[in-house]
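Okay, so chain A shows up in both of these, paired with chain B first and chain C after.
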Partner chain A sequence: MPKDDAETTALKKELNDLIAKCKADQEKVADAKLAEKCGDMGDVQRIRLVVKKSLKGHINKVNSVHYSGDSRHCVTGSLDGKLIIWDTWSGNKVQVIPLRSAWVMSVAFAPSGNFVACGGMDNMCTVYDVNNRDATGAAKMVRELAGYEGFLSSCRFLDDTHIMTGSGDMKICVWDLEAGKREVDFNAHAGDVVSISLAPDMKTFVTGSVDRTCKLWDVRAEKEKQTFFGHEADVNSVCYHPGGQAFATASEDKTARLFDIRSDQQLGHYTPPGNAGFTSCGLSFSGRYLLAGSDDNSIHSWDTLKVAHTGTLNAHENRVTSISIAPNGIALASCSWDQSVRVWG
Partner chain B sequence: MVTMNSNEKAAPKACQQGSSRDVTKSSKEEKENEKKERKERENLIANLPPSVQALMATIPSPEESPNYLAYKKMEAIIEKMQDENTGVPVRTVKSFMSKIPSVFTGSELVAWLGRHLNLEDSWEALHLSHLLAAHGYLFPIDDHCLTVKNDNTYYRFQTPYFWPSNQWEPENTDYAVYLCKRTMQNKARLELADYEAESLARLQKMFSRKWEFIFMQAEAQSKVDKKRDKLERKVLDSQERAFWDLHRPMPGCVNTTELDPKKLSRINALKQKRLQQCQELIMQHNLKNNPIVTITNAQESEEEIQKNSEIVKENGECSRTELATLEDDKPSIESQIEAAKRQVAVLKARLERRNVRVSKVAEMFISYCEQYGEYDAFLTPPEWPNPWISDTTELWDQEKQCKEPLPLRRVRRWSFSLRELLRDPPGREHFAKFLSKEFSGENLKFWLAVQDLKALPICRVASCAKDIWKEFLDSNAPSPVNIDAASRELTRVRVESGKPDRYCFDQAQAHVYHLMKSDSYSRYLRSEMYKDILNGSKKKTSVKGIRSIVSFTGRKETSSN
Partner chain C sequence: MNTLLERHQGCSGGYALLLEYVVCLAINIGLSDTAVMDMMVSTLQQQRSVTEQLRREAAIKRIPVSVAVADIVRFISEHEQEDCLLVGFTSQKVNPFREKSSCTVL
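Up next, the complex of A and B:
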């Protein structure tokens, strides 16, 4: 290990001083605790969601689920190498798309409902057109976006022509789908980028990574606007608050947290009664409920403002890998290693 | 009750090795070998320099595998269950012509769990026993599916040798040997299941070259098995079968030993990196401590002298490589310094940020939640009935429709913020109508055009940007938009620079948005048009409408009176 010379030691000291100052600043701003301030709010009832539909069709673990913009269809990706687009109301499979590689880690549905994207251990992101079929009758593959040096961990459509991806090579890429080229490509984190969440106004997005930090980015820039520390292990999932001013995170360190952008710090710290890491999170339409899927086969929910556990949703028989809340807030879809997808309403 | 003694442990181990040694001897030899290996490893490690030892400590050990903690907890429960006095009663059952050794029933297991763990709900004990089975700690003696039923079916404990916490990861060759051995046994009840037959065929194709070797191993193992006592053999067979049911589950069952591939790939990558680093450090350490010795014996032959000079050269080169490593050190210091400087800059920027106080932020959250609470389906039931309960798709159809009359809630939402108004297509149209009446419609048109520009593919961005400029911002534009001179100049430079990108109108767009928000939007909310649509939706969608007509006629009567 190289020895420290004078310059390095001076820099290290400066860094530590600055970090201490930042922390002191944070504490100055933290003149109240979220739970106390909301103490006089009415208590919110225990979560009353019940499984309304159980979508059966996958024959291997389901890794990821995402709702469409119409709040009725969702797409799921599973290790059996299929993408299935479901109509959550009737439980019918609208389309089954066979994939070239079975190792799907993440799926995304365009808000318009016209495209789906998936990717995983094949180090590629593949985009399919839902409305056009190709010669074999499956959805037409529009683009195969390759060039990643790590697995694809998450992808989200900005609109019908742009998709943003985060991957295991610690980068974020924005692709133009018409040209099939990368528009933006930058190193984002010090570890795999695990999850991306877009703000409601699509101007900013938040990423979570295994380096235990979450960063806030502007869609136009390549430098992060803010970094949030606080988690003690990998951040597994991030989800924007519908108001666009905060986001929730779920992590391997068995907690979920609420970070606020304006005060630049962690507001809420939510722990489950049990002891299992979280794999995914979502916020309800008004932001009052925070739901997180966990390794102990259940989905926990909390009152975000009062920082209180409001119940668990038990129905899965193996770990819950991903949850997605419908854009109009009517339902929650969850998928699990027990090969089923459930719609709660 | 049959206890798990060392004989049973050693026997399967001997089987795995495929040689028919004496059972007790093999166990002793095994233990001695293990001790020797451990001592050797410890000596090796002690000889390594402390930096390497520290690094090796960071290599993720098997104990850090994510499932390990869960296994430890399950084993604690299992040990309590196997206690002679207070555990689950295990016995040998007599049936038809044979005895079934060391079994317990499903209902006994569930009852014991419920009692000893103080479980309130009856289904919890069943669920927990199912999970214990799914992870391979107990198994049904008749079935391949690892689950527990709360009735009189029989179950058996798995021997600690086969516990998943031993980090097994068995290979396909082992599975092939096992399936082959099964086919050699003549009992009808030990026949292969369909999926096992398929796996065997597949493995035969895979290992066609070394199939003889596998066959020999299977033969040897079945010979050893035949020598054993009948009851003991039954138990061991069932335990081995359960082990394979866990690691090669039947179709329809989940494999609980699998790790999340993301975590696994990361742990493996980390191990590789650390091992590489250890090796490099060891090399450096050796170079430092063991300089190459030059031979100085005068009686050496010509070859040796040449070798000497080569060695000297090598030494010189070596020192060069040492220099090289030193030089490598320097860039790493520099890169460290650079990284530190970058961090300093980021932290300084962070200090200069104006942050909002948490109390204020909390108030804003509270007001947001209260405002949107009635739109949150998890808090208040939505206007349209739950589609799964009422079996209609009214909820989604109603959301899509844009004709009047619109529901009151939806129209009220437009008053929350300009963003909400513009988000809803009928809201946009209504606002556009209002603006055209006030002759300020071009602001909204400009804003919408720039939004569309942002969503275009790259090839069309340039031409669209030019069109927008011509239409809205040029000196003789047909729909001139009112923005300040500075933004206009900035935008002009970017558009006419030859490569307009999709964000060149951002500043102008922000300015227009602010204008709309402060000026037009507030007037819209107070306008007659908005009030009409608000009332219009009220009357047509609720019974209150009829009542208001009734009261109107009532008032008429009183006034006439």
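Up next, the complex of A and C:
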């Protein structure tokens, strides 16, 4: 077996030195701890959200939910092979879109409310026009984005003409929907990309992956700006803090964390009373509450600043697969393997 | 095959995951040593690219945690009163889930 050549050896040494330098630089700026610095802030009350609407209609596990920019409508995708667009204020179904493939894992609503997208084990991302119907009366399919070498795990509209996707082939793609072509296509992680969250100013985004890391990206670039370590198992969900300076994560390792971008390190480490992995996370409008959907059928909440558990939301009868917080903060939508979707407020 | 893995155990840190992942994949699917060596040449390129990336990341400016926390706290404090999940609805008029007593034009 030939030995490592000189270059490989040198690169490996440099890599280890660089990793050590990063860690040392992070420690140098770690002049405070989150909970201690917030020690004299007022406490927040235990979370008091109740189910305001129970949305019934799916007849199989619901895997994903996402609010529209109008904070009123949301879209859900289920293994029953349907997307349902709901009016969360009345609890009514606005549209039911039958899918070609029932294996949907992720859905997205364009902020404008004009389009929805979904994808999953069909290795495609399909986009539908909410305002135009086809001959059968269902929402018109406008694009089928194919060419993925893995399942579609996450998608988010940048605007009505561009969508970003993360997939099991470890890549991020940005598609031009008008041309139907990929604008950007790059290897993002050393494992499946599982979650994407766009910054409030839409100039950057974070990704979470089964390789246990999260990465920060500039929308226009193909190389990550920063990588965040800390989680000890798959990162299942990432969510930008509304202030744009930090992001929350939830993981299979049964913790949720808060990472700060400018100091390049983990600030908060949130654990629940029980012992189950987290599937999804979100932050309230101000960012004071961190919420995470769990394998234990509940949604856990924490005071983001004081790093304290502030209660659980119990109503689902099976794993909570996805949560979405309305852009104006009035409500939280959650969906579950128990086939239901709940709106909490 | 085992010696390949042993040599790579020298790599520490999350970035070595990439190299390890590719090599383990090759070994697990039963590729011959020659095939794995070919993959390692391309993983050499990946090693270069991973190292270049880390050079970039090591060079970024990091601000003190105390400043970062102060900024987050300021944002939260400024927006807390508008956070319905935290403070509830200011009046029933803004609550879209309230029972409606009469018809409203939407």
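We take it that the second predicted complex is superposed on the first by the 334 of 345 C-alpha atoms of A that agree within 3 Å, B and C clash if a C-alpha of one lies under 4 Å from a C-alpha of the other, contacts with A are read in each partner's own complex, and residues count from 1 in each chain.
In the analysis below, contacts are C-beta pairs under 8 Å (C-beta built on N, C-alpha and C of every residue); 3 or more make two chains touch, one makes a residue touch a chain.
Worth saying up front: this structure is predicted, and the values here are computed from it rather than measured.
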item: Side-by-side fit of chain B and chain C on chain A, or clash; value: clash
item: Chain B versus chain C as contact partner of A:K21, first or second or both or neither; value: both
item: First, second, both or neither for A:A190, with chain B first and chain C second; value: second
item: Which superposed partner A:A146 touches (first chain B, second chain C, both, neither); value: neither
item: Contacts of A:W337 with chain B and chain C, given as first, second, both or neither; value: first
item: First, second, both or neither for A:A233, with chain B first and chain C second; value: neither
item: Touched partner set for A:R288, first chain B, second chain C, both or neither; value: both
item: Chain B versus chain C as contact partner of A:R212, first or second or both or neither; value: second
item: Chain C clash site on chain B (candidates 91-99, 325-333 or 523-531); value: 325-333
item: Chain B/chain C common contact set on chain A; value: 1-2, 7-8, 11-12, 14-15, 18-19, 21-22, 25-26, 29-34, 37-38, 41, 44, 47-49, 52-53, 72, 89, 226-227, 242-243, 245-246, 260, 262-265, 267, 284-289, 304-305, 328-331, 343, 345
item: Of all residues in chain A, those that touch chain B in their complex; value: 1-2, 5, 7-8, 11-12, 14-15, 18-19, 21-22, 25-26, 29-34, 37-38, 41, 44, 47-49, 52-53, 59, 61, 70-72, 89, 103, 105, 121, 151, 153, 158-162, 168, 176-179, 181, 183, 192, 194, 200-201, 210, 220, 226-227, 242-243, 245-246, 260, 262-265, 267, 284-289, 304-305, 317-318, 328-331, 337-339, 343, 345
item: Footprint of chain A on chain B - complex, ascending; value: 51, 251, 254, 256, 261-262, 265-266, 329-330, 332-333, 336-337, 340-341, 343-344, 346-348, 350-351, 353, 355-359, 361-366, 368-369, 371-373, 375-379, 382, 386-389, 393, 395-396, 399-400, 419, 454-459, 503, 506
item: Residues on chain A engaged by chain C in the complex (per definition of touch); value: 1-4, 7-8, 11-12, 14-16, 18-19, 21-22, 25-26, 28-34, 37-38, 41, 44, 47-49, 52-53, 72, 88-89, 190-191, 211-213, 223-227, 229, 241-243, 245-246, 260, 262-265, 267, 284-289, 304-305, 325, 328-332, 343, 345
item: Touch list for chain C against partner chain A, complex; value: 3-4, 7, 10-18, 21, 33, 37, 44, 47-48, 50-51, 53-58, 60, 62-73, 75-76, 78-80, 82-86, 88-89, 95-97
